[in-house]
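For reference, chains read A, B, C and D in written order, and residue numbers begin at 1 within each chain.
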Amino acid sequence: MAIRIFITGGTFDKEYNELNGELFFKETHMHDLLELGRNKTPVVITTLMMIDSLEMTDKDREWIVYQCNQAAEDKIIITHGTDTMAETAKVLAKNINNKTIVLTGAMIPIKFGSSDGLFNLGSALAFVQTLTHGIYVAMNGRYFNWDNVRKNKLTGRFEELK
Amino acid sequence: MAIRIFITGGTFDKEYNELNGELFFKETHMHDLLELGRNKTPVVITTLMMIDSLEMTDKDREWIVYQCNQAAEDKIIITHGTDTMAETAKVLAKNINNKTIVLTGAMIPIKFGSSDGLFNLGSALAFVQTLTHGIYVAMNGRYFNWDNVRKNKLTGRFEELK
Amino acid sequence: MAIRIFITGGTFDKEYNELNGELFFKETHMHDLLELGRNKTPVVITTLMMIDSLEMTDKDREWIVYQCNQAAEDKIIITHGTDTMAETAKVLAKNINNKTIVLTGAMIPIKFGSSDGLFNLGSALAFVQTLTHGIYVAMNGRYFNWDNVRKNKLTGRFEELK
Amino acid sequence: MAIRIFITGGTFDKEYNELNGELFFKETHMHDLLELGRNKTPVVITTLMMIDSLEMTDKDREWIVYQCNQAAEDKIIITHGTDTMAETAKVLAKNINNKTIVLTGAMIPIKFGSSDGLFNLGSALAFVQTLTHGIYVAMNGRYFNWDNVRKNKLTGRFEELK
């Protein structure tokens, strides 16, 4: 069965608006990245929202939980802004226990040339195929359980709580 | 314990010589890629050789087996040219059974902008952390057991034998 | 005699701060671009300021005029934010008449992969070597006289006044 | 009147064939580069051939001369392999004296990320608009008269004969 990929926005998909110098969302770059990686694992891509994760509300997270539950697939990748990735992981863990869900994202927009997005996507796709049911964050070449992860605001890296 | 990364060359590390228009090897780009991916998984990188895998000899493969056996780590990634990746996997499988070894590479050199190398590296790092002992090929977002993989020469993609 | 290159900032040199998602200035990328272009025209590079051109004050423009007058070279390139490039050109024209000065910049930061900066720099270097004394803007593959140029805010392109 | 751009191939337009690891020609990347540079100078692009300049014959050069003469435009850019760029310039100079023709190219293919092609194109476009009738080579941020230029095979840079 295919892997479901849910897009929620985050730095991963941000672009530079050359008219006003601001970052904004247009469409996801997921298809381009999978083509670049010559991916042959079957995937189904659905954009749920295109927002900065600092602006993600409880309602948005409910919607993500609902979509994960509704999905026929039990392997799910969610692209997500890094700032509240751990928070969304917690909400998912409280509501879903029969799927492998991997949240990932990027520190630099994919369009900016020096992004970590392609690397993170490669690892997320591998982790979702091999980890047992549970909610995980895949960043920095590692995976973290939902209840033992935070983003270090000073370094920008993900780490265990203890 | 750290993950050992052995470099053997292949398209992954090829560069363009602007004086004669030929492809050649200088140094591995592994460090740059891991930095780009903001990798925080501990790794130890060792260059064993820098060759096109079509020129890899039995002696070279013996050397790779020897190094894998000597390594203190039981999780090993080998970057390798795609043309004979499956062949080297077979030799490793005949000689090593207590380690997780993942071979990976790239269809386009990392230096050429549109490479799949960063994606493949991300997936190889994830697979080596999660798969049980055995010899695997990680390409196209998938992993293959050593005894069920070949590169399709027409499409350039890896596939199962049956 | 060498060409003088004055750096004043602008989109050209902006970078993405991965910790807070904002654009900022670090150092100029001029040296990297000239190396990328395999430039062999002798140049002397001086950073005068690193600011967004919307924040450029009369005092800043005085400083630029002063530096252009002080420079031993009579061929000068100024990198500049696009929003007020035409305004600075006017101030220069009122104060300098014995030099060829070409202002250029970029719509997309050089670090973002899809920048026009390298193209603009190539054209500015060529224009400064071939145009007679005067103040010019070099953008969009064209040059404009200081008294007949504006940035079209809707299209982001430079055009003649009439 | 528009600038005519004639494509003849060269490193500029080479691509990497991921199935056999060889460099080859598909289509010109001129349109992409002009878009990247946000070029607004009117141009007409015609592909005359797609060959390595080491394989360019007298017959090929006759064809280029013929096309330059036939063109309605008196400003012409020719993309060309660097190895025999100076040779083609000589042939053009013997046959054409009422046009400004600028030959340019690249040391690294445009598709390879670290190419000088965009820089060279920017300078060629500027030189062709500002230089008087004659045959020129535009490389390394400079222009050379047809009778005073050679490619230094050791450094890969263009230089005057004396």
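Criterion: contacts are C-beta pairs under 8 Å (C-beta built on N, C-alpha and C of every residue); 3 or more make two chains touch, one makes a residue touch a chain.
These figures come from a predicted structure and were not determined experimentally.
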item: Same-residue or different-residue interface between chain C and chain D, half as cut-off; value: same
item: Chain separated most widely from chain A, comparing mean CA positions; value: D
item: Euclidean distance of C-alpha centroids - chain A vs chain C, Å; value: 39
item: Computed distance of Cα centres, chain D from chain C, in Å; value: 26
item: Interchain centroid distance [CA atoms averaged], chain B/chain C, Å; value: 45
item: Multi-partner residues of chain A (each touching 2 or more other chains); value: 107, 114, 156
item: Contact pairs between chains, per stated definition; value: A-B, A-C, B-D, C-D
item: Chain C partner contacts - residues on chain D that touch it in the complex; value: 33-34, 36-41, 107, 114-116, 118-127, 129-131, 138-143, 156-159
item: Residues on chain C engaged by chain A in the complex (per definition of touch); value: 11, 14, 16, 18-19, 21, 23, 52, 107-109, 111-114, 153-154, 156
